[in-house]
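Notes follow once the structure below has been shown.
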Amino acid sequence: MEPLWHDESARRGLHEDELVVDIAGFEGPLDLLLHLARSQRVDLSRISVLALAEQYIAFVERARSIRIELAADYLVMAAWLAYLKSRLLIPQPAKDEGPSGEEMASALAFRLKRLEAMRDAATKLVNRNRLGRDIFVRGAPEHIVTERRSDYDASLYDLLTAYAALRQRQAITQVTIEKRHVWSLGDARLILARMVGSLDDWTALDHFLIRYMTSPKERATAIASSFAASLEMVREGRLEIRQEGAFTPIYLRRGPNPIDAATLAEMEAARG
Amino acid sequence: MAEAQKFVPGDEDYEEEFSFDPRLEQEAERIAEALVFASAQPISEAYIAGRLPRGVDVGSVMARLKNRYAGCGVNLVQVADHWAFRTAADLSFVVNTDEQEVRKLSRAALEVLAIIAYHQPVTRAEIEDIRGVQTSKGTLDVLMEAGWVRFRGRRRTPGRPVTFGTTRDFLDHFGLEEIRDLPGIEELKGAGLLSGRVPSNLNIPVPIGDDEFAENEDPITQMDLEELGLLTPKAEEDD
Amino acid sequence: MAEAQKFVPGDEDYEEEFSFDPRLEQEAERIAEALVFASAQPISEAYIAGRLPRGVDVGSVMARLKNRYAGCGVNLVQVADHWAFRTAADLSFVVNTDEQEVRKLSRAALEVLAIIAYHQPVTRAEIEDIRGVQTSKGTLDVLMEAGWVRFRGRRRTPGRPVTFGTTRDFLDHFGLEEIRDLPGIEELKGAGLLSGRVPSNLNIPVPIGDDEFAENEDPITQMDLEELGLLTPKAEEDD
């Protein structure tokens, strides 16, 4: 079989003891996590999520220390894992509905298993006997059957491409100002919603977010956007906020009217 | 035997209650064989049925034909509700003429293809949820252009997101009779890995689009920040 | 099956004179069959011979194969020293139907069709407005003839222009359940069909389905149709 996903550490610029060089080799945080999980060399269902979280955070720290820019995705995941780690280390008193650290860990393990399963499936698929490579059609077909009622042919893909190209051509092109690397309010709101949804205790959440931002430019926008978004969410009763004094850490926790899964799904859908 | 036949489909005389007329059945087999053999594309069973003598069951005709070709160098294969003749897989090494190139797909595209195949109908958000990463532009595009993936419809949930699925060409290309023949699909289903939803409504961070803004949303500017008096960078933060 | 042969593999003495190994002969038949099937042109006997197992006589292999296909819907025929499969002569009526070749829609027709699909109910003036060029009558005729476009109604505006919409056949052909299943702007973007830099003034409407009429639209009447039948001037082509 032609393997598609081998753990080619070298290709990905990843070495056992000397972590991190080329983050570009990974397709997002989950891919990186899966790679790290595999290095534990156990069945994914017996994986140590705690160890995995630590490895991941170490990876991100390491990337920071050698000044590698990480995309926001990786940082959000790091923050989430840091939170997960704290939940796993300090068992919560059986309070209200909030998911336990174990539940969160098993959800993560499930996602890793599912991703791996899809990769295996893709490998099996691509190694099947394929038309045009292993299996061949009649080389000299004698007729083309038209089963359509219409004498004309076009696929939905043709139709949509034609339409998209036309509309784009006709739309007045505007001057686009160079894109800045920013967290929009929407981004920040969504990140907060995802993370605070399960926070029962006062947590210096912005600290998590900011801590992993590598570029100073991005730091400002992350602070500003998440702070502005958090104020809005406090107003809505989504979360509560506390600060002891000027320049001290800002603590957040779930508010009286927390965001439930359905609302969150809607928010995510709205962002497309 | 050929010269004996000269059968015209739809000929009234033959039409009535022949439950099994060997001559008719054999003629039906020859017609189906000719139809499918002549075409490079799979032919629908309905189309074949429409051209067989009346009173003949297309299903059993095709089954017999398939059986007859079972050990041959050319096999009769079923693709969804269509039929096609294809060279036998074990002869790949002789027939292979290295002139045709099978489309090379990127790792990401293959992964997306597999997710669509196993989870269909599936929305883009679900694909991204499984992969934990945004689908880059050009991935779905490539799969649709290859004719393996198509828009299927819309999910009946808020927002009515469009769903994706695979095409008959996909089945044909990968030698599958139907989606249920996907390797390991039953086991995956059994293991709950195709159910779509992560158990207990937990939300693990999913990718955010950092390259786009919502339609009605402007990026925050430096000026806004100063205005809000929010620029309180906590010095250079520890480590 | 091998044990029946008294053949000792590797035994030099036997290798030469052993002239008939049924297993080998059958394999040779399968190979020849697949080769002829997959070839775009009649294929030379020499070429086939070069791909058969050693010690097999290509002539007798082809003769047996020809014989096997003799009564079938497809025959193996020899043209000079080349081989090809052909539909049995008495069945040519099944294959050579009078179907003309399917025509690809022109770019212009695709664009007009897409505009009608998305913007329906839409008038001809509006189509031209969106495309920025005049639409020839021929283009609309082609779409009508294809059975994908129909007169929907009349706009309640001065001149009561006719509005166009898509048909049930359109949905069937393009695999859509309803017209609202057409992907929207975000989905086109997500699938890579619209490039990332979409101007903000680009809006894609949600098409109005068959079952409803737009507020300012009247259903088309028989009289309208007759009237319209009168005004079908012959087309000036537009591409």
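The chains carry the letters A, B and C, assigned in the order they are written, with residues numbered from 1 in each.
The rule we apply is simple: contacts are C-beta pairs under 8 Å (C-beta built on N, C-alpha and C of every residue); 3 or more make two chains touch, one makes a residue touch a chain.
Predicted model only: the values in this text are computed from it and were never measured.
Visitor: Measuring between Cα centroids, what's the chain most distant from subunit C?
Guide: Chain centre farthest from subunit C's centre: A.
Visitor: Central chain, going by Cα centroids?
Guide: Of all chains shown, the one whose C-alpha centroid lies nearest the global centroid is B.
Visitor: How far is the middle of subunit B from the middle of subunit C, if each middle is the mean of its Cα atoms, in Å?
Guide: Distance between chain centres, rounded to whole Å: 16 Å.
Visitor: Report, in whole Å, the distance between the mean C-alpha point of subunit A and the mean C-alpha point of subunit C.
Guide: 39
Visitor: Would you mind pulling out the distance in Å between where the CA atoms of subunit A average out and where those of subunit B do?
Guide: 27
Visitor: Among all residues of subunit A, which ones touch two or more of the remaining chains?
Guide: Subunit A, residues with two or more chain partners: 136-138, 142-145, 155-156, 160, 272.
Visitor: Touching at least two other chains at once: which residues of subunit C meet that condition?
Guide: Residue numbers touching two or more other chains: 34, 37-38, 85, 87, 95, 175-176, 183, 190, 193, 195, 200.
Visitor: Write out the stretch or stretches of subunit B touching subunit C in their complex.
Guide: Those residues of subunit B that touch subunit C are 1-3, 5-6, 29-35, 37-38, 51, 71-74, 85, 87-88, 91, 94-95, 97, 124, 135, 137-142, 144, 150-154, 160-162, 211-212, 215.
Visitor: So in the complex, the part of subunit C that touches subunit B is made up of which residues?
Guide: 29-35, 37-38, 51, 70-74, 85, 87-88, 90-91, 94-95, 175-177, 180-181, 183-184, 187, 190-193, 195-196, 200
Visitor: If we count contacts the way the header does, which residues on subunit A are in touch with subunit C in the complex?
Guide: Counting only subunit A, the residues touching subunit C are 136-140, 142-146, 148-156, 158-164, 166-168, 170-174, 176, 272.
Visitor: Please name which positions on subunit C make contact with subunit A in the complex.
Guide: 34, 37-41, 84-87, 95-97, 99-105, 107, 109-111, 113-115, 117-118, 130-132, 142, 145-148, 169, 173-176, 182-183, 186, 188, 190, 193-195, 197-202, 204
Visitor: Note which residues of subunit A are touching subunit B in the complex, please.
Guide: Counting only subunit A, the residues touching subunit B are 4-5, 27-31, 33, 61, 65, 71-73, 76-77, 79-80, 99, 103-104, 106-108, 110-111, 113-115, 117-122, 124-126, 128-138, 141-145, 147, 155-157, 160, 179-187, 190-191, 194-195, 197-198, 210-211, 216, 219-221, 223-225, 227-228, 247, 261, 264, 266, 268-272.
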